[in-house]
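A single structure is presented below for examination.
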């Protein structure tokens, strides 16, 4: 089948290459860092222990190198990495030794996924619809207003937006919680109250992400649609008296959506890297803070685990996207 | 060129706005050299003063004049962005031309690498790298680092342009007339590729400036070099928002907005001037 | 446009539901936990990514979210506000034999684990034996090295037979900011792999027991035990007042300010700036109610460390020159707006150490000279008037500062080194340094002198601000300085890959005991390693034969020997004359307390206890807090 | 009876370049009437304004094209409506059921991501209530395609799956599904090869016979006009310069330009050299004074350089705008002359 050979096969090869490059990168980069995970652990012990005999530290160091699997040459470590990864094992966290990296990721992942999937999809949808509308009715005053607002919001550093929201809605007008995923002491039994509670806590981080996300999608979509408006099939449909709503949705947005869908895949894949800044600002219990603290503490395995997961997720997302793309764009299917 | 500029300035209000803002910003950056203070010295002026006729944008908690700091920040951020743009353009053009012109295996290999760079989660990787090199991350090296990660997208755009050029008549004519590959590329293709380079450069510049701010907020760049990012870093960590030192935090934020607006509007009208299709083409390239 | 309208409507509906839901319950804590019976405190070390791990004996477990404060009491504990050592689980101080090869511990009677099982000598013996047998666990190496045998003589007496003499073996069980804690034998004896065991839900020996944790690791809720009197603190101080203690990490300082403004955080650590931003919060107070607000009893000294193995910092004159090129008043002004207690010695200037060391050494300091002549007389670098200069600066900033010199000394410290750039220049020039035409310093080989300071990456950490402030001094003096803040600064220091670092200039002493062995021992020459190797001594890699002799002597005398202080003073004279690190000021603790729900915090006016929530001693404070009566 | 009357229509492209406003006079004072049930051909070189004229007839005037004057009146039942003064809604109501449009370039006019059937549905749905009557649309479309001899399967296809000829047929089917009284066709067969072209034209003709509607056919291809048109109007530089029944145009062209146009057509058995008009058509931005054709006209007289000839009756049903052909009608409307300068 030529479709298989010309379309599918290159994409699967691509998929494997990306994962390989990603895995190699996340193996090499941390090892270039002067952070020594054993040293970091020793430091924690030194801070926590009353007084360690200097000679004892030498002994602990040896033991830890052994336990962490950091003995042996880089090549050996590198092969050990792929060997483990193929079994879906990211090894133990160094800092939280001997807890497996997977356990830590599993604790944090649901929060990040919950927050980011919702906001990404929401802002993608809203941004695209508003962007399409604003482009279609670009001469109207409200459309221009929307564009100007988006144009000003877009470049403000996200960190500032998040912080400003927090100060505004948790400090100046304290209607939302400052931090956390849900109320303290609330039993974690599924109920309407719990759902509401989680939503309430997720609201500010979600809002901050949605504002920026919507503005970004809005601007791309506006550009795409305004370029499409000169297309013959849109002009033709307009002449034929097809209603604006129909043209906007089935003609303009449907066509402009194609690149946006790919964009969505890419940004959904980024979830596994965590919304690093969001989570730091709102102290949200997700992967972003986990990743950041793992970098700070030189926890190679945890770093590699999260980054690699992110690479795999994006690559898989893009692969799936490539596979279903022909269904979205009939032109590709019959190429 | 000059004629194009004047006609764009006269007929396109967006271009006019972007141009004026950009000229002001560039002039500001150039003016930084005349700063009466070493930007890395503290306690050169009284602390925490609001804007006044003496200190146009007030002073910060470290005893620096926000106005002059801002000029330095513009200069450094723009220099950083330009370096990022130039270096990423070089890679993108080289990869795009080679892949598009040679085709075959080279094309496939190059495009696979390119796609990998598009897909890799940039922020975690950049954080990893910057936390290694932080101490040595000057404005120049940060620019180059961002350049290394910012080319992939545009290499694809250039490649597809070359692909379509290759199919055109004049390429065959040129080949038949014995023109060398280099001459074909530079004499025949460049006029078509150059607009693409300009168009993608603006977006890349915005990306580089935004990335610098993110990394600086996380404290991952050389903090004593004033850039838009480090200005925000110091202001936030000195609680400028809570303490009401708004002139300190607002200055870099407003500058960010203006730089973005200027570059965005410039790129929009330049694109339109060159070819209204380019932008769509670029965005549609995502699907690869 | 119909469709858009519908979307907007939907969005508005969701929004209003959320807002309505939010305004119903404002507080962070759930409805079942009464706020007025709960003390909410900050977690110093941040989010705990593995919140259901309570194995305090494996490396890496986060301890300061309740484990060390409320759950696992230790044998002894340092109390540095009063300068004493408390017997907590132990009933008495340790008893050594004459050659320090045997240590006997008497345990408190009537203590119970939170699951109702009695605490006995078996628990302690089991703990030591278990740790000793499991490589990788905390204290395994130490116990392996020193413990020949551990056994009980009765249910409340444990004897340690040591392999070699060790006059300070008990300090492994002396809680300063961590110590060896005791395992409940009845739980751990069934554990196969003590390293992997999570110990969840945990069993407590303290007055509180874990009630709930955040799966995300941001908070830990502890509840008062019903049998609180069957604990060491119960026997010592009685019933703790809060029914719940909530450890809650809010994030960077501004978030703590916000939380306190909402009365959702009672005790926390702030920074100078966030403290200033907190004044509008009703009920807010600091350690001192007036300027400089900070905690002055923290047993750590800040400063800057030279790498003695790197040129030109191997030269004592260079180190002294850099000290004299610093204006301590400007350093403190830049880093904390003058709030701090300056200390010239490598000893934290807390009230007890001022009594033990600064007071006795003041006369010596005043007369101390460098071997360089200024105006024909040996130069005396000590400046007893530095505190006054700092006080004048603060007054100039509009703060209320007492005029009484004695009060000023108490608030700002005893004195520091003179700001004498010209003497510094003299010191450098006689070592071959020179200046270029712009006044920039050149190394003896004629190349420009550039110093890189490696520092802590967290803006909330004192070392961060301090290194930038010090960089300013040297830059003004004509040296090119770069500050590199990096997560790796500690590792870099341990490997000796630095020139100048903001790691602790000297190891912290016990805090509540005059013994300086803990500090001085780190400069022992046999601990030092070349650059590129991990050092187990002080990262500055400086040592001195005379100091080695003093360390040897200290090692041979016991913890309560009257010679401790005189010996330490001799050691400190050496570290002063040699200037291996420059001490600047005591660790400024910017504590912020909210008095809306709780009062009688141990502030400067009544320092009955150390003031932090992250120290193990926090538990001793709880019986003295008073509910403010607000609902 | 005239189903469409164009009076003094002017539509210019207003372009700004280098800060100056310039008018591209694409449709410049065109008057025209279309009778019921006829095929009116509009011919001319590319760039003469014929496509713009069609756009204006459709009321599809959007920047940079601007309506500068004149009326386009359709007769709808008993009612006369000026399409250029209608609101958007009303204009759309007029479309497809009364006026329809077959565009040029069939690939680009069909939505690439929707099936042909969906495009039919949205076009029909815009004018008929098909949602409430299930099956009505399906049977309508099916019958229509069958009538036109098109396979019903094409409804399931995407535009790019069809051949160019099939796409053009589909476009024609799309334009005629609601049996419009008037079909405006813009180069419907350009870019197709000759055999396919013939089929497409034949299809249009069949439809016209079947549905008894009126067609305005714009194409530069005189052969097509010969084939299908009843009357032909020749455009040059934004104006209609000659208008006559098709036989008259071919047999007795009066305007020198038309003569060149006809003269350049290949004829079976004629081996003589074909003469086309010398020079190139003028720029619509700066028209020459007087008759726009005079620089290319071998018989130009002084008056041709000064005044614009009006379109006037030269023979029965035959009107021409040329001082040479209609000497008796030399008095020129001075206001119009001023307006076009």
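Letters are used for the chains, namely A, B, C and D, taken in the order the chains are written, and counting of residues starts over at 1 for each.
Following the convention adopted for this analysis, a contact is a pair of C-beta atoms (placed from the backbone, for glycine too) under 8 Å apart; a residue touches a chain by one contact, two chains touch by 3 or more.
Note that the coordinates shown come from a computational prediction; the quantities given were computed from them, not determined experimentally.
Looking at contacts between chains, the pair that accounts for the most C-beta pairs is A-C. Ranked by distance of CA centroids from chain A, the top chain is D. Spacing of chain C relative to chain D, judged by their CA centroids, is 89 angstrom.
Centroid to centroid, with C-alpha atoms defining each point, chain A and chain D lie 55 Å apart. Chain geometry summary: the mean Cα position of chain B and that of chain D are 50 Å apart. Work out the mean CA point of chain B and of chain C, and you get 44 Å between them. Residue positions of chain D in touch with at least two other chains are not found.
Among the residues of chain A, those in touch with two or more other chains are 33-34, 163, 167, 258, 295, 329. For chain B, residues that reach two or more other chains under the stated contact definition are 131, 236, 241-242.
Considering their complex, residues 108, 112-113, 115-116, 118-121, 123-125, 127-129, 131-132, 206, 210, 213-214, 217-218, 229, 232, 236, 241-242, 249, 253, 256-257, 259-261, 264, 276-277, 279-280, 283-287 of chain B touch chain A.
Touching chain D in their complex are the following residues of chain A: 231-233, 235-243, 246, 250-251, 254-255, 258, 328-331, 334.
Residue ranges of chain B in contact with chain C, taken from their complex: 38, 40-43, 61-63, 131, 134-135, 219, 222-224, 236-239, 241-243. Listed in rising order, the residues of chain A touching chain C in the complex are 33-36, 39-41, 43-45, 47-61, 63-64, 67, 93-99, 103-104, 107-108, 111, 126, 129-130, 133, 163, 166-167, 170-171, 174-181, 183-186, 188, 196, 199-200, 203, 244-245, 249, 280-286, 289-290, 293, 295-298. Across the complex, chain A meets chain B through its residues 10, 13-14, 17-18, 21-22, 25-26, 29-30, 32-34, 151-152, 154-160, 163-164, 167, 220, 223-224, 227-228, 230, 258-259, 262-263, 266, 269-270, 272-273, 276-277, 291-292, 295, 303, 306-307, 310-311, 314-315, 318, 325, 329.
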